[in-house]
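Letters are used for the chains, namely A, B, C and D, taken in the order the chains are written, and counting of residues starts over at 1 for each.
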Amino acid sequence: MAKYSFNDDYSEGVHPKLLSAIVATNASQQIAYGNDNFTSEACNRIRAKIGCNADVGVWFVPSGTSANAISIGSCLRPHESVIAASSGHIVVRETGAIEATGHKIIQVPPENGKLTVASIQRALDENWHFPHMARPRLVYISNATEIGTVYSKRELKDIKALCVERDLLLFLDGARIGHAMASSKNDCTWHDIFDLTDMFWIGGTKNGSLLGEAIVIKDPKIAVDFGFHVKQHGCLLAKSWVMGAQFAAFFDPENNLFLHLAAHANEMAARLSTALVAAGHELVAETETNQVFAIVSLPVLEQLQQHFNFYIWERLKDAKQEKAVIRLVTSWATDADQVVKFAAVLEQSSRA
Amino acid sequence: MAKYSFNDDYSEGVHPKLLSAIVATNASQQIAYGNDNFTSEACNRIRAKIGCNADVGVWFVPSGTSANAISIGSCLRPHESVIAASSGHIVVRETGAIEATGHKIIQVPPENGKLTVASIQRALDENWHFPHMARPRLVYISNATEIGTVYSKRELKDIKALCVERDLLLFLDGARIGHAMASSKNDCTWHDIFDLTDMFWIGGTKNGSLLGEAIVIKDPKIAVDFGFHVKQHGCLLAKSWVMGAQFAAFFDPENNLFLHLAAHANEMAARLSTALVAAGHELVAETETNQVFAIVSLPVLEQLQQHFNFYIWERLKDAKQEKAVIRLVTSWATDADQVVKFAAVLEQSSRA
Amino acid sequence: MAKYSFNDDYSEGVHPKLLSAIVATNASQQIAYGNDNFTSEACNRIRAKIGCNADVGVWFVPSGTSANAISIGSCLRPHESVIAASSGHIVVRETGAIEATGHKIIQVPPENGKLTVASIQRALDENWHFPHMARPRLVYISNATEIGTVYSKRELKDIKALCVERDLLLFLDGARIGHAMASSKNDCTWHDIFDLTDMFWIGGTKNGSLLGEAIVIKDPKIAVDFGFHVKQHGCLLAKSWVMGAQFAAFFDPENNLFLHLAAHANEMAARLSTALVAAGHELVAETETNQVFAIVSLPVLEQLQQHFNFYIWERLKDAKQEKAVIRLVTSWATDADQVVKFAAVLEQSSRA
Amino acid sequence: MAKYSFNDDYSEGVHPKLLSAIVATNASQQIAYGNDNFTSEACNRIRAKIGCNADVGVWFVPSGTSANAISIGSCLRPHESVIAASSGHIVVRETGAIEATGHKIIQVPPENGKLTVASIQRALDENWHFPHMARPRLVYISNATEIGTVYSKRELKDIKALCVERDLLLFLDGARIGHAMASSKNDCTWHDIFDLTDMFWIGGTKNGSLLGEAIVIKDPKIAVDFGFHVKQHGCLLAKSWVMGAQFAAFFDPENNLFLHLAAHANEMAARLSTALVAAGHELVAETETNQVFAIVSLPVLEQLQQHFNFYIWERLKDAKQEKAVIRLVTSWATDADQVVKFAAVLEQSSRA
């Protein structure tokens, strides 16, 4: 029997309500390339949720890497660069997709997984020698971050103020924005996210959809032509309603499904986190969403690996012993019984 | 009530067997990014079908435009160009996606929708002034072509021989390869297609899948790194099994579903074509697959438009009257009753 | 002894006055990257010549291919395309440099080497299916054209009016703008060229400089950042004054050197053209600048080749006999005695 | 009167022997685009100097940024990345030109301005998650480095051994390779440089030429097509002999001019360095070539600035006082009297 996996939040399929939404589209003829009713409904529900006008663009693409590359490529001129944390997904897990569109990324060390006003300012200070250096033009942040932390409204406001002052676009990678919004640490509304950024996207794949991320584009001049970028990148699906239908279901005003799924993932992570601390293990980052990073000894690691799949994030070695940073990720589909079982194995192996 | 559409072959959803295949994946945890069992099964079935070794790469991407851009970009150096018919999909319907990867397309006039040895030779003759001209390196053909015609084995062999002689790669866009293989005009086996090309892809979207095209890469040096290109392009889906499951079902050896679906589409097109000819209308291209191109007068056009959606391909005007070239496309899902109804409306309106 | 060459207008070195200008810079320390006094003087003289304000950008780059690729790349977004004649230099002699910056070129057949309102309109009509087709955004013309013809003010005004109406940028490749301005066919002032285009460049290389083309950028938003594009492309020379000094000399108000050099080339071409016609040979295009295209029989061709180097543009073959289109190019440095000699050889061989 | 400049090594013109070489080409007709005799002679002399066969490519381009971007772009596939020191010229002074060709740069902290086996190994260790990370394929080093240090033969051999083991190309930016070869720290022959790298270039601009860098390409498969890349990038000059003539003079076997010019620059830098140390100032890096980095107090800085131009590299601030790192660069043209004068001003101001 395959071991239960806490490896990531995209190893399970699709939530039944989303699957039903797809199946429901199947009986009919639709207009291709996103001009169908399901997509239209999804756009309207997203616009209603974030509180914006109809001239705000909403586009669906099949993956996070495409969401980032298409969005960033759509609003930069060839000599403009991106400021990102060195831990940012576009830096470490997207095969150079941003550079493949021609743009340099200026990396700054993250603080608790985040960019700060000070770190962005430092990047600007070090990239001043024009035209010998590319011009910083867009700030890339992820919320939740790659280590599961969440930006406060204060942090976003401060970053946005700097961006306005320095003529920078603020772009938010929302691969796990559901988990951020559902976090107990969150104090932003959906409208705040819209208001405080220039472009952001709402991740479906890591929150229970089969595929699909929804990109929200504030600037009407960019929005009006956004379809060209999606199509040129090969991401304008003929049967785009497969994404539209899921997002319409995600943002069904009757059930708040999108938040609900993320809240479950967060709750499961909180329990794993609590169990780790209770068993005496150190967390590498506070558990604010659906990712848990903790340090375990090698014997504990081996015990856990006998029962579960998960990611060894880093190997540590000091004078006394070797240890490992493990990453546990939960999802909309995480089985609470498996969390209990994990806690039990952990407790037993940690006592030894 | 919405009018019945002969607009294209991607306005319907997914064949029930393919939908079942997706639903069946949903209960389990899978390994992401194409390392799941469904994808593995799909690859094996495709390899078995085309009769090739395990070192031949098979990769799944969500759209035809991404299949073309990723494949072509993976095997060209920056100064190398593509030879294509001016009617080729990469020339006229992909928003400059090939050029966006940096490569020039040399266009030649099509003959019956196809490239020929003579037209490729002419492109080579005209692109000789090195290094002031980009070096032709890849020949792009579509089968079925954009006007629905099918390459014979003789034609493919002759083109391949020229490619070998002139060190050109032969690439086949198979958005409608199912329809080509199911055509009565076809005399190629799947192995012939593999054998006579360097890279080709098998289109799912236009033959009944929700999304997904399968790229087959012969050269092991290109194949081994192909995943990088797919990922960099944002087309490596986390839940890639949604495509794997469908292609495993398409190529289920028990029911030959892929060919079966295309054959239905072709049959429906043949009936439409027959009806058009019977009603006295001229075909612009012979109906060899699932697309019908015919010339109708404006009154007939108007009658048809009252009942059906379809594409006006071109407006014609001569001394006597205005006419229109219409395109009718059928699919795996085309309703035979609607074909009968179309024929009836056509006959009535044409008699007038 | 090497044969005298009418092969092109860049096989000779640099006019003595330009060489002196370079030598004169050598004694001093200059500020690098175009911030020197020579470059500043050149910019001012060019601005004075074309009658424009100081916020119009003037930048120097080492070659025509770089002038085209940098300029066009600087003002297009990724999904925007270029309309050009199929005979355009960017289409046939620049190794796909425009496509290498990611942009598609829509080719239209030239008329007398030129684009026309009708041919641009046709390109727009055929590229309408958005977002499946790249959006036409820039019209590329050359003046003089690649076959040596010159746009009239009427023609430029009509093209410009269409561009304004359809939100297209008009870009003029001025590799041989000196020859155009010096042509007896020309009725444009330098200010007209500036006024009727959005961006154009003044070619030095083909009019007697060692290297260097001056790009004139009207839009201050593009102009202010233009240095980034030049630098990123590797064309911001450290000792940029080598170009500045030559252009300051070209546009020395005291001697009108730039026009003077081109006028000599044109005059030499006119004499060659007259000799060809007098000897009974047909011209392929009217000789309006410094290029002569004529049809000669093979025996005449062989005679001429014994004494001169030039380009065989095309081989022709009809029922009666084989012929060749030859191209003769003259320059600032063309020796009038060699023109006389050419006429003599021609006359003798043609009589036979 | 303008202040004497130690700002850089490209603010002076061209050495008289190189200027003579240019002037000498001017009387004749040459074959364009590098097919002239001067270029041919330059290639042969460079090949003789480095001890290689005729199938090794040698190409001339106008700038260092173009040399880097064209070379690196010519040998990478789209998903391959570059490892470079974060101080590398391609990282900090080339406007993202490498990224503009689509390739990611993995930055590692420099040690004494250099990459090491350990730092390259670390970059490989951190970029392992394929295909989610771009594949490291090329190692970029500069010799002399951006802070003027020189690689030993031992260091190069060790790096090369790692590159061979890990299938990495080793690329050497030789903007100041003359200064490296003329350094007392150097223990490499020209043949060593060729032997221990896959591609390198010889910088003319910073060693007394008007423009021009010579790229040496070992792999015949890359070399044979290199002209396409140069042309596509807009760097194949029509009158390419302007670079060929200078490089033929640089490598004239009779006078060893290239090394001679660099040796003068190094000697001048050594005197400045000695003066700084003698006056009690700390060097930030050992002075091994023609760049001097030293820390001075603000009063000393102000005194020096009254008489000389130079670069303030960094501002330092500690509890006691503010200081500045200054960079002094010498060249083939540096006036020994000005060095004496600098030492005098320095000594006087430092005593205060």
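One rule holds in what follows: contacts are C-beta pairs under 8 Å (C-beta built on N, C-alpha and C of every residue); 3 or more make two chains touch, one makes a residue touch a chain.
Computed from a predicted structure; not experimentally measured.
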| item | value |
| --- | --- |
| Between A-C and A-B, the pair joined by more C-beta contacts | A-B |
| Centroid comparison with subunit A (C-alpha atoms), farthest chain | C |
| Centroid spacing, where centroids are CA-atom means, of subunit A and subunit B in whole angstrom | 34 |
| Between subunit A and subunit C, centroid-to-centroid distance (C-alpha), Å | 51 |
| For subunit B, residues that touch 2 or more chains besides their own | 78-79, 94-96, 100-102, 131-132, 134, 228, 231-232, 236 |
| Parts of subunit B lying in touch with subunit A, wherever the complex brings them together | 2, 4-5, 8, 10-14, 16, 19, 22-23, 25-32, 61-70, 94-97, 100, 205-206, 210-211, 228, 231-239, 242 |
| Complex contact set, residues of subunit A against subunit C | 33, 73-74, 77-79, 101-102, 130-132, 134-135, 225, 227-232, 236 |
| Subunit B residues within the subunit C interface of the complex | 78-79, 81, 92-96, 99-105, 107, 129, 131-134 |
